[in-house]
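Take a look at the structures listed below.
What follows is a pair of complexes built around subunit A, which joins subunit B in one and subunit C in the other.
Presenting the complex of A and B:
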């Protein structure tokens, strides 16, 4: 018996209903975890199980959040100024790492001569943690924006290079062969076949770089900054304002998650062929 | 009623040895054969006997250790628009749509987009993929992917088409259907085809002439002209007799 017309439409709607119900179920789960997490935290703080000076309650942090929107104390900046300053530093560092790191990794992975000449140096630079660069960077360029950007750059640069390098080396040999049999030059094959087929790995590298550049922020802003979320956390510590410290941490977390979400959407679009 | 046959491809004493640290490995040994204009030639040999290496040397993406290859009378050493290839499997670029894949060769030849689209559309229609131009390879079945691969090879209007076990990864039903359709396309377009397979039935079904290759290293073991009219019946006694005859001479692959 063939199913069509109204029956088919009815089945389709039923199917959609079930699917929506499932999506809704998972949504609830996600929201529940967040509520339970903050609920427990609030409970622990309210009951005085931990001292509110060491761990302020979520309600208190929300209060501080609202207050920081209009008040400059204790660090001397509005919250928005701190967020903008941090975004500026980390995105500058991140984009310069992507712009330099990805093409470098791709070229190193494709052209053997670049591989043999540059990889050894890169392998030596790679294990140096970004924080270890701080003293020398301060000597080089003081404590301004460019110094902070450079620290972030180092943290984001490495995954960009490694993933692009590995990604393009994993290019399917058959695809290269296809391109060559159609008479494409090595460079054309690199552009038209190598780069697109390494894109999934490159995107993963960029995602790691984005995470790194955001999380190295606090370290970078330890360099005598005058604004930024990391700076706000430092100031909060100096003034013994645990609420400001935790607010800074929560904001770094939330903003990091938002950046990562935005990037995932871009990734999904670019890799729609997968 | 033998026509005067023009030689399209001449392969003379072709050998390939791979060298490793302390050893060498001969995969193709002193292979010579001719391919005539418009001919459907099948290279039949057991799995892993160097057939793909032989094809890669033909098309110019693999260097040879010794020997000569003449295409249309001229010595050939690198890929040329005179030849194109249909690969074993999964050779469509996954990040390009069917149309973009079929266009690939013409794009590298810097043909104008409009003209290129027109040519490609013709071959996409010919292989029965009309309506799938904007699909990505992962959205297609194995058979449809190979159709796109065939359209891609035809789109550059090569003199010679090389097919490397194109139906090897397909299920039996799809395979029979694809063989039949390939013959129809071949009748229509009259290109020279060099078709590699390890399947005797497929070889006898398609070939004007079969060159039987030995197990590793590959060398020419025997040549069988197949004069049955096409399309052939797989259960015709004559068909079965030829199949049997070739089977007894074939090396078993490991």
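Presenting the complex of A and C:
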């Protein structure tokens, strides 16, 4: 059988149509799954299958959300104050980690002297989980903003350094040779060839750092704080208010997802030349 | 050549110099601050040795370490088994991806540590909530990396397998898993470090044994030598984990570098 060009074209279009229909179908399935999940949760809580004091229904959590906008109980802060406190701490720690960690990693990856001196120290400090720093930092600096920022800093610093370090070491040797053949100094090569080629890895590192700084924040605030979402969760637990605890968890999840979405858009914009 | 040799020698000495500088500055810092809020290496070692004579919470430091290790390994085992199998299902079937995958996706943005208070409200501070928390913290990296590794499999290779009469299981074993293995392994590596962090956090927020408890106990009675000792053991075990994984990776996937 002979297949003509326009037959092939028709086959391709048919295939595309089926594919589009499939995408639509799977999107509906996704939405339905989520609706069923929340419906079941509401049902289970309404019917008293589980104790509503330990698992509040989605409707109850929404109510608590609205109430927390204007009421300070039980943790003594408005919801907006808690959110702002958390954002402030995590973004402070995140940005200082990026500002210090990325250049440090790049320099360590490019200059062998720095590699040999700083990498061993970094390798010693790296395996300490950021959470384990909490008592040490709190004893040093109390429970103020700077202590929490420092803990977040530790969690975000490591991926920034590692990814910049690895990223710049993966620079294509040919590019380096070309640039040096044309008479560029080592520093110029570092700026014009090394840094741009390491950018995708650096961005991945920064993205991991952002996620880390948000999830460590909760730990830092649960152990030592007077405001913030983690603090609100901890107070909710002490007053046996499961609705406040779950509300805090949901907000942390939603805000974390928003932050990582914003960063991914920024990444796509910055790396559009790729 | 002579110059080259000299340079190499410097590069070999430099790491030693910087590590000794780190230890010296630790000692200097502890002397400068009076040794209480930041004890020096000698008092940390002495404190650790003392736990063998006077156990804490009825256990030597080795007992606490083993308890933490047992928790994290149990949790990691559950995560790896369930994460790889669910990852295979979600990565190879679009219906499962749209249902099971999106159901799990609801929970992913919530950091595992944020689960700790509600887990304590639900299950107390026994073993079950800790294992659950470790699973929550280490399941997603394995599952997502397995799913994305599976989707990397070249369609042509699958077709070849089918044409040569391979069954679904043998295609999975011979073609799909080897392709996805590097990705699965990097998921496991992330899981291990997440799991190790989570078990500490869980122990710090409520436990009767474990390294996290030692940290909290030391903090509570202002015994910073105990805190630092526990932190150093924690870091050492974390480093051991990543070293062993690197070795295992080379053993399992010699073709990958």
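Some observations on this one:
Simple rule for what comes next: the second predicted complex is superposed on the first by the 239 of 274 C-alpha atoms of A that agree within 3 Å, B and C clash if a C-alpha of one lies under 4 Å from a C-alpha of the other, contacts with A are read in each partner's own complex, and residues count from 1 in each chain.
Throughout what follows, contacts are C-beta pairs under 8 Å (C-beta built on N, C-alpha and C of every residue); 3 or more make two chains touch, one makes a residue touch a chain.
Since the structure is predicted, the reported quantities are computational estimates derived from the model, not experimental observations.
Following the overlay on subunit A, a side-by-side fit with no clash is recorded for the pair subunit B and subunit C. When both complexes are overlaid on chain A, the residue A:273 reaches subunit B alone and has no touch with subunit C.
In the superposition on chain A, A:121 contacts subunit C only, with no contact to subunit B. Within the superposed three-chain model, A:194 lies out of touch with both subunit B and subunit C [touch as defined at top]. Legend: residue contacts after superposition of the two complexes on their common chain; A:105 is shown touching neither subunit B nor subunit C.
Looking at the shared chain after the overlay, A:236 reaches subunit C, while subunit B stays out of its contact range. Which of subunit B and subunit C touches more residues of subunit A: that partner is C. Applying the stated contact rule after C-alpha superposition, one finds that A:180 touches subunit B and leaves subunit C untouched.
Contacts of A:56 after superposition on the shared chain: neither subunit B nor subunit C is touched. By the touch criterion defined above, A:131 reaches subunit C but does not reach subunit B.
Of all Cα pairs spanning subunit B and subunit C in the superposition, the closest are 11 Å apart.
Residue ranges of subunit A in contact with subunit B, taken from their complex: 172, 174-175, 177-184, 188, 193, 196-197, 199, 272-274.
Within the complex formed with subunit C, the subunit A residues making contact are 22, 26-27, 29-30, 33-34, 37, 54-55, 112-113, 116-121, 123-124, 126-136, 138-140, 214-216, 218-219, 222-223, 230, 233-234, 236-237, 240, 242, 245-246, 248-250, 252-254, 256-257, 260.
Partner subunit A is touched in their complex by these residues of subunit C: 11, 14-15, 17-19, 22, 37-38, 94-95, 97-99, 102-103, 106, 109-118, 120-122, 193, 196-197, 200-201, 204-205, 215-216, 218-219, 222, 224, 227-228, 230-231, 234-236, 238-239, 242. Against subunit A, in their complex, subunit B makes its touches with residues 56, 59-61, 79-81, 83-85, 87-88, 90-91, 93-96, 104-105, 108-109, 136-138, 156.
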